[in-house]
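Both complexes shown next keep chain A, but they swap its partner, so chain B is in the first and chain C is in the second.
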Partner chain A sequence: MNKGRLLAAALVIATVVFIVIGTVKPIPSAAAYAGGQNLLPSSSTPEEAVRNLGDEISVRDWGKAYASLANKTQFSEDEFEHDLTGYYPSLRTDATLNSFEVRPLHATENDAEMRLTLHWATVLGIYDSTRDLHVIRAGDRWEPEWPLYKRPAVPPQVIPVNYLRWDVIYPGPGDDWGVQGVEAPHVRIVDMRPVQRAEGVVILGELLNDDVVPAYVSVTATLQSKTGKALATEDSFDKISHVLLPKQVTPFLIDFPDATLSSVGSIRMTPFSTLVPASADPVIEIDNAHLNPAPNASLSGQLINESGQIVNVAHVLGTFYDKSGQVVWIADEYTDRALLPQTPEAFLIHIPEDLARRVSSQRTVVASFEYGGVL
Partner chain B sequence: MLKPESSVESQRPIPMSFILLAAVVVHLPLLLMKLPLKSYDANFHIFFASHYLHHWFDPWNTKWYAGFSQATYPPLPQQWVAVLSNVFGLDMAYMAVQFAAILLLVVGVYRFSRLWVSPRSASIAALASVFLGSESFLVYSAGQLGTTFAAPIYLNGLPFLFDWVRHGKGRSFLKATALFAAAAAAHHATLLFGSFFFALPVLALALLDRENGERISTASFVARTVAITVVVGAAIAVVLLPFWIALIHYPVTQTPIPHPSRANYILSPQWGLNYFVVPYGALILALPFIFMRGSMVARLRPLLFGFWLAFLIGLGGTTPVGRVLLGRAFEVLTFERFSYWATLLALPFVGLLGSELVARYRTKAVVGLTALAAATCGLAVSWSTYHPADADQGLTVEPIAAWLNRDGHDQYRYVTLGFGNQIARLAVKTDASSVDGEWYSGRMLPELTRNGGGALTSSKYFGEGGLDALRAILMHANYYGLKWVLVRDPSYNPLLAFAGWRPVDYLEDKTITVWSKDGVPPATPLNAPQIPPQWQGVMWGIFPFGSSILAILVILIPEKRRQEAREEYPIEAGDLAPGRLAS
Partner chain C sequence: MRRLLAIVLGGFAAGIAQPAFAQSGSLTLPKAVEAGAAFSIAIAGSGKATLYIAGPGQVLERQVDLGQTVAFPVGTLYNAGRYVVILEESPAPETGEFDVVPEKSVAKLSFLARPSRLPVGLHDGVTGAVYAFDAYKNLIVGPTPVSFELSGPSGAAQKRTVVTKYGAAWTEFDSTARQGADQFVAETGPASTRRVISQVPGDPCGLTMTAKRDGKQVQLQTAPIRDCSGNPVPDGEVVTFTASYGDDQSTADVPIKGGIAKIDMPIHDGALVSVASGVVMGNQIRWEK
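Then we have the complex of A and B:
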């Protein structure tokens, strides 16, 4: 073989070797697009089988994920997909799988229990969903069984509607919302306290709609130095229930990342309110609310949609008090599944371990969102 | 040893006028149809051009990111669009500049190929450039005006580099310098990477090439190479000085944004189709020939190495080569342009292959090659339809811009959700300022740079990083005077509703909802340290555009005709029999 042919062979072989390396052991950015998989995914262990399933879910390859299941004859591919993305529009619908973890719980020669924790990214932040999978050996490979969440069957029923509703007549449809030329509803901060946390300063408080009309509310806080200079301004963003019916109270939490309380001389609180149309519907009841002590302190319970319409997203805000009735902490959670009429949906709000001991009571409020007809 | 005249090489080249006419026939109708407007980046370039149109000497653009410097991106093609828009309007001016780039590519490929192969092969290479899949992909799907404008200028400059280094011709030195400076003013990355992929092979050729049996002396080679490197480096430093200042003061350190050109094209075949099959097209069939002929002919080896390197890096995450060679830059760069450069480097081989096939098989070869070229070009052009940048092409931004421009709405900033790459088009039409944008290297807002998302309007497609960026910017709505969120994708509605935004209006038959936040103060200009001082604005308005004018003037200086000592053919005696194809 002459030099030229040798060079050609060397270049071609090198190219093939580079491609093989890049495919068998892809670089992180390439692996991310392939759902973490390499060319020949192996299912020779229970963990590998569940990991492959997680990879397929992450790239929304429902067909391949469904095909890998041992119990696929028990439900359709559509049911499997809707179990993960929701049967009705909800946070699950547009969620993307950010990452996942697989943890073995128990294993024998022919079957195993594995815990799959999926971290989903949604417009309202990350939510986790955990499934315990039974994995069985099928020859030289393992196949997971998917514990399907069945679509709740809502029985036919008549639900009387007798809720309160407040309408507001605007000058015109294109007019700037909030510029109404009417007095803003009276709102009042009934509690407020700053707390130093590892991440920065947090301001906790409660806001009361003192008026006889509904109000859209928000709270802005400005940290001022001891000389009166403004250090930072933040608002309650989504850590508040923005629409308050007359005499309703909402907790609020305002985050100041990286701030230190020792450098703060004073805090200027600015509540904002304006008149908005509102209704008491949908009514969402909180059932079986229970404070779970540390470790893993939390508030758990169930939400029951008492109305006849589907609530696509519910926001649960928990306020935690000490024995003297002072606010100790405020935490929240969004439901990842739609709330169907009369169908309980569990919620779980975590409480920081260092504060859990001081919590003696709680109050929970729920805000809701439905797609369509927003204006 | 070089082979004497052969029957293959004795054939006459295809006339340049015919090749240019082919480029006109293929591309002019597509450009008159404004097909590039469907691409990813065309509207981005038009947006930049619209700023130059109104603020030629002020690169600070307040319409994106609450203010950013356009001196972070080489301006030449956009400035040409701005100039021509006075006659054609912005859209057609873009098409005119792109068309000029396509014609320049034909000439550039011919001139570059002539360094390596015979006139006939070079002419076939030039004709192939008209149908090149990667060119059509970048023009009609990617909309990379900067890359497709800079590459032809660079290719046209390379023969002058060869002439200067090989023969020491002063005029060539001047022309090469002017063209390289203009190419850098069009796209800095082309010059940077082009130095490795294109210039080094040309320098190697100048060193290895024999004329009358003699090589250039090493001392002359080194002196001339150093001289032109220093002068071109200095010229580029001056022409793009505000760019370098911005880059040094504000290096791109933001969280990398995912891009599918970094995927493994085998594990993610859909991206392999997009970034390999479409740009290469029938050129894939020529790969064995390129490797064989490039290896067997000593004179072609530098070109082969340039091609091979660009080819490997252009494969993105399919191999670890790009990651190893580029380091962190791998996570910032996109790799379709490397494939583009690889295909340009492959064209001399394609010309050689074409001329040999035609010499041997005549009409059959012509028919076959024409069919393959047409299929390659057709696939790449139509790819913008099969795989559009924006799946929903139904959005018209004019009514939205009109809403933003009326009743003082433009006193506040806005952001769109679900508008895809139409945000650049909207920015051209409206007077209002946005906190979003599509030029990621120019953005300085910490809410955007510390998260790994791209444009806010497409936040959800960037997963946690994109959604975190959106949440962060909405949290600071009051600070930025961000009052309006124009929503075309209702999946964002829960965030807005729970974060205290309220729907206030509908647009476009209720397909777009305007959300507003109450209590937001009017937007005020950000006193950003990134605002270029006035002298930089003047430089930015004069030097890059001036470099292109200078290049045009210098090119007009007539060349002294050099008597060709002989024709050189890249076929080594003993390796190949006359008329026989390499296998």
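Then we have the complex of A and C:
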């Protein structure tokens, strides 16, 4: 009985002690959530200053982040915020900062160059954006200068668009049995190749819309053993351009994690297509696409939106071929900024280092997505 | 669903009547009745009894006077199949059976024409299959000649007559060399059903382009694009322009508009420009000032 009272008293005393400690000397993160003032470490070094900026961006405290900049007189807080979240709805708009890294590039007594790499989480996965910041000393503090991405100025103009648009009317529920429906678009796999990679089997290929109507497409593959038994079935998921206009070709990539090609006897490919309403607009030009050799092998270039409407998200798919024209690899990237009319936007698709030396040519396609409106 | 229910009910009725299948001397039944036609059943004896007729999807109950003929008007029994007749009388029920057969005249053709859209000049590319039904939607299983006709936009028609077997007939036709909407008609007696088959152009043939300077850019433009039968390739089909200069490459997928594909691209002097549509390659141009 006495032991129980002693334990209760000890717990009460310990609780009171912890409350006092937490109130008098809170840890920085707790103080931050409580709205305290001493939220972040001081900016007594260039790295601390940039790290503080990263913390403020991660909690979307645009006001505090803007106030900490040395060059804030050169742009407004709105411009700073929209530089990070996008001037138009795009992948950036709903992205959250997952983490960030700060790396010093160069430092003197009064200024420094720091690289801030922001890892953003989006509905389509992680994307990274890197900014090189010039940090200057201001008394006993350091303040970063933000390299603002200027909003592209599109001159006011009227762009007539009279490209084709397709609508579909399906048979109604009251129609008789046997009444004529609408034929699914005819699509054709024009190339297919299985590849063994460290992470499993990958099937690479290309699909053609062989019809005169637009198609929503996907490809499913089933690995079969040498006895004909189905081993695994996967589909192309987002490694494909799903909407194909007539005579358009898309690459596709199907992943079979942990599978081994030596145990595969045959592969059954099943292309799927269905009619969808679609528009032939916008046309997106891929300009100056360039294969960059290893190390850091990549395909870089620019996308130019030739239409008058804003493309909120562009999905760039690169198909890489060897000298004999055989598909070697397929990779993709989503643009994090909206494509404005007639405004080049850079893209960069990474190529696996071990395959880069075999890549001789490439073909790039772009799928576009619009959700309209400005912020 | 209704037919399935009818079959199940009919089978059930036939099943339960099987042990007492012998034809009674007191019932005089028709051997077969055409669907929807009037018929009668003569019943010998005297007194009163209850007459049941059960078949696919239909059950009738009548209070009858024995020794008289019971008449059933037009439209009483309309589902084709075997019907069981049960006369409920003392001391034991009498049973019999007869068939209701489809009408001979075709009232409706269910016509499945495939595909709804196909390229021109395809051998046996168009398939038509019909199922013949009477006015009560019974499948007419007897042989019935059905005439198929596929007429193209130019007016030329392909015709064929096929006799149904177990209620179905089918045929194949070639798609013609002209694009447009073909009329595909299946006909027998007064019943006629029409479908539209869309014949579309094939792959582009002899794809060519020209290039000319347009300000800071180069305008690439194809000649009017046609298939190998001379049909204009429809607007919306994608033509890919590619300009290669050293290790750099610029491409654009451009939909055909007004019969041609056209785009302005920044092209370096000395670049090799090519054009393609799907798997069809066009000409190449070495761009020089």
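To be clear about the criterion, the second predicted complex is superposed on the first by the 319 of 375 C-alpha atoms of A that agree within 3 Å, B and C clash if a C-alpha of one lies under 4 Å from a C-alpha of the other, contacts with A are read in each partner's own complex, and residues count from 1 in each chain.
The working rule: a contact is a pair of C-beta atoms (placed from the backbone, for glycine too) under 8 Å apart; a residue touches a chain by one contact, two chains touch by 3 or more.
Keep in mind the model is a prediction, meaning the values are calculated, not measured.
Of the two partner chains placed around the shared chain by superposition, neither chain B nor chain C is touched by A:134. When both complexes are overlaid on chain A, the residue A:98 reaches chain B alone and has no touch with chain C.
Ranking chain B and chain C by residues of chain A touched puts B first.
In the superposed model, A:235 makes contact with chain B only, not with chain C. When the two structures are aligned on the shared chain, A:216 is found in touch with chain B, with no touch to chain C.
Legend: residue contacts after superposition of the two complexes on their common chain; A:5 is shown touching chain B, with no touch to chain C. In the superposition on chain A, A:82 contacts neither chain B nor chain C. On chain A, the patch touched by chain B and the patch touched by chain C overlap at residues 176-178. Across the interface of their complex, chain C is touched by residues 162-164, 166, 176-178, 180-183, 190, 208-214, 245-249, 280, 283-291, 301, 306, 361-366 of chain A.
Looking at the complex, you find that chain C touches chain A at residues 110-117, 131, 195-196, 200-201, 203, 234-239, 247-255, 257, 263, 265-266, 277-279.
Partner chain B is touched in their complex by these residues of chain A: 2, 4-8, 11-12, 15, 18-19, 21-23, 26-27, 29-34, 37-39, 91, 93-94, 96, 98, 121-126, 173-174, 176-178, 216, 218, 220, 233-238, 240, 242, 272, 274, 276, 312-313, 315, 334, 367, 369, 371, 374-375.
Partner chain A is touched in their complex by these residues of chain B: 256, 258, 260, 262-264, 266-268, 271, 291-292, 294-298, 301, 304, 308, 311-312, 315-321, 323, 330-331, 407, 459-460, 463-464, 467, 470-471, 474-475, 478-479, 490-495, 497-500, 502-506, 513, 516, 518-519, 572, 575.
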